[in-house]
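The following pair of complexes shares a single chain, chain A, combined with chain B in the former and chain C in the latter.
And then the complex of A and B:
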């Protein structure tokens, strides 16, 4: 059992590119941290520096409060699950799982016991003699997990382990990973670009962008109170609606003149962005104390079954306004709707993209 | 490509058969000639069929020294085998290690090292044969197995081929091995070499044939009959007697000289086919 702590981790490549600009993160024992971000944001680099596959340019990496910067990957007592599994193609499933133990000089009978136990845990007992190429994608994935689990490492590292699976298997393996991680209680760092995976798996979520941590906290906190416009746009599907606004005496004004009553928080005349999630736009008739009412025209509908997504147009605005309607809603394309939203569901970001607090912010640092 | 034209099919098969015949003809001639007596070989035009002295020729050849070479054919075969094996194994060992270093390790002037090795491809043995002879003579390696093998043991071709193969090994495999606690030697032994099996088999065949067919170098550095190789002896047989060339001995030796390479190819072919049928990657 272990804790993991990153203090100001920098990664600079010899060609002058800086991939990580001082990452601070502390992972509690048994916690599952998901690092999420668009490609090129440095999340994989972060994982690889923790693994020891990349050197650390600056900063400290502590496992159990022991500085491990200079240790080889094998000495850090971590296990990693790779995106393409990286199973040894010429070895049987058993040998794949046993290889790390063998290299550590574990006695033969203990290797056998641990591999068979892990295989049973992962439903691989029947496959131990097979070669990786004779396995399906899901089975290979489980072998890759097994190879990590069998070592009983201090820290698990997952590098987009589900991105090579088809959608159905991905959902299934997601639950499986969650179940195993809770059951084994191993401290884990999980990297993904898939925000659904991130939201569902994480105890805490770290959103990265351009080598920085944008925000860090529980998935629901990040969803409800995104610290930056980037986090707001990255989490949630369909993405949050962003409307350009100008600060006003009693709130903000949309380009078409509609006023939104908000607590006083920006000096008058400043440009800002108002964010509203699609599910927070409701029909005006069902809301008493709306911050504002928007009259829109439905241009396109996407029925998803439980919900219907309506792509609507607000006069005077270029952007779509996406609304999540009930699946039973009788909206038609071309129809006019009056949409309202509550003050509590408004997100305001200044011109730099930082959140402008409307109420007392709930703070949660990464440390 | 497959065209639905029966005429074309027949034509291409006929061409193929003709080419096979052309390739086989010299081998067949040597084989049949090795079963005639010397008298028969000199008294008649080239016979395309077996003579009556087949077993006698081979028995005579295998039973003792012949043709004034001062050695027997078994020694020749053993010498050739030692040289060919030494060259093949040595070349593979060196090229695997060189390619391993070039592909998987980061060190200064790595690229330069690769190009230096690569440039030696442009210098065939014949070009550097005199300086090499000088060096080998100074080292006192004339008339020795080491002298036969060592100068031919470094191979840019094999290094290049192994490098190209190593470059196709996914980097994640290297990283997984690092995390699994496999150091450089373990990674080479447990992962890289097993993955290279089919490539190594192919290289071995090519290099064995290369070593077996060496002519100029062994001719230069061996005077002692104990280190004569079978390929060189063939030429010596043609000139060693005062009177008639013992053609029945020459052809018999030639047939014997063909057997080990054929055996190596047949043996290794199983690995090729296995490699093709159940690819490890």
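And then the complex of A and C:
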């Protein structure tokens, strides 16, 4: 049972780098928050300040509404799963998992019971006597999880725990983490730079960039209504298509003169960016009330099985326009396509990259 | 490869073979003729009470030097590790005692502990300790131990510091989160993880204490008083070069080589397997 709250957390490293510029975030009891962002944006720094491994330069960190800024890592009752697992190489799996309990002076038989229970939960029962170097990557990862779980901490912190696993194991462990986190109901902060992991795990998603929170909300909300061009480009694979446009009386106009009918929202003549996701471009014949129709040429195809990605070009534009076609689509390279999209699927960003609302409800704050 | 091999052959194996051969001969007083003596040299050595005294001195001395030099070095390395985080400048500065030739270091210690002129002996006098290593055997032994520890410490320090800096930081962080205080972190994580380095240093320090402390002992006490600081290697020198008894000296060096060889074998056989993880 724990809540976590960050009020204007700043982190300046001794070398002068400011890694966090005022992070506000509150995590409800039992919630799984995923922090996602590009390399160097301060994700690890954020986790490490929460863990107490780095001091907080400014701002407040509250666990259960108690200020914990000055507490040592040991006193915060948090558990952390490291990217490299940080298993103690000279201890057996059992001792790795028992270490924190021993340090706390837990009675021997209780340690044994809790470690065996957790080992069973994670399918590690057979491995308890092994040393970490005799485990596979996936097993090490589970031991690292077990070491965190067995303590029954207030807060779980994960720093890219799956990034050293192969793709298949990553999917499997992702589901496993989700299942365990829900079952144990432990408040968690999970850092990753993998946007699929972020979308699938998160109760709420926090997108960070350059030490700031760009946006936070449910994965679907961030996907459907990205607050900035950065968030729009970061979530979704393949990334959203961005086209340079100029505001116009009845919407926006592309450099090649094609008009896109949109609700009136920018003063005429302003430069902006129009974003459309690859999955929202469909063949014009199958759409009645399109915002616009784009005639493109297919230049390259990437069949993925269920879908085929078509890299197309619009005459007069430099940008690729990526389209997600059905896997059964008979497209050929060099073929012409007429693509349409709905107003509801248009994202407009102003020249600063902020979303221009098209008369929809606005996004929620992180607090 | 060939040049190194040549050097090893010329400077180690050749003298070693010579010593082994010599151990089975007796020479006349002028070194002009010699005759085969079988095991007579060994029998003479092993029935000599001063040899056993030297053996006892060597064991006490070596143990004290190895443990002293390693534990002080480890303590200093742990403290330095907190401060420097990989700054090479300090590391090289801290090696300098090792670079000081043993004789020079020995002279330094002689000055500090000189019974009439020495700074430290006069300080000790003030607190009621009557320091005179020229008369007191235990004090003499303590002095050569200190000087040898001092000499070897920096070597150990460099290795310990490098090993400490190579420890994955995340392990210590994980331990800190797992509620281990600094003291417990040291004994349950750092110390066990350093064990390969400690083992290597144990072997090196034993060899050092057995063989390489010769120069220090010669300058500081010359094996005295009354043989209290005569270690096996120093006795080899005394009997061979001062006493001119080449046969006995050679037999002693063969025994010494066998002893160190046996010790090293023991260390690898029984200690090394405990330090792997």
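Here is the rule we use: the second predicted complex is superposed on the first by the 366 of 367 C-alpha atoms of A that agree within 3 Å, B and C clash if a C-alpha of one lies under 4 Å from a C-alpha of the other, contacts with A are read in each partner's own complex, and residues count from 1 in each chain.
One rule holds in what follows: a residue touches a chain if its C-beta (ideal position, glycine included) is under 8 Å from a C-beta of that chain, and two chains touch if they have at least 3 such contacts.
Since we're looking at a predicted model, the values are computed, not measured.
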{"item": "Simultaneous placement of chain C and chain B on chain A, clash or fit", "value": "clash"}
{"item": "Which superposed partner A:210 touches (first chain B, second chain C, both, neither)", "value": "neither"}
{"item": "Partner chain(s) touched by A:30 [first = chain B, second = chain C, both, neither]", "value": "neither"}
{"item": "Which superposed partner A:244 touches (first chain B, second chain C, both, neither)", "value": "neither"}
{"item": "Contacts of A:138 with chain B and chain C, given as first, second, both or neither", "value": "neither"}
{"item": "Which superposed partner A:22 touches (first chain B, second chain C, both, neither)", "value": "neither"}
{"item": "Contact residues of chain A, present in both the chain B and the chain C interface", "value": "51-53, 72-74, 78-80, 82, 84, 86, 88-90, 99-100, 103-104, 131, 133, 147"}
{"item": "Contact footprint of chain A on chain C as seen in their complex", "value": "168, 170-171, 173-181, 184, 188-189, 192-193, 195, 277"}
{"item": "Residue ranges of chain A touching chain B (in the complex, touch as defined)", "value": "51-53, 72-74, 78-80, 82-84, 86-90, 99-100, 103-104, 131, 133, 147"}
{"item": "Touching residues (chain side chain A, partner chain C) in the complex", "value": "51-53, 72-74, 78-80, 82, 84, 86, 88-90, 99-100, 103-104, 131, 133, 147, 151"}
{"item": "In the complex, chain B residues that touch chain A", "value": "170, 172-173, 175-182, 186, 190-191, 194-195, 197, 279-281"}
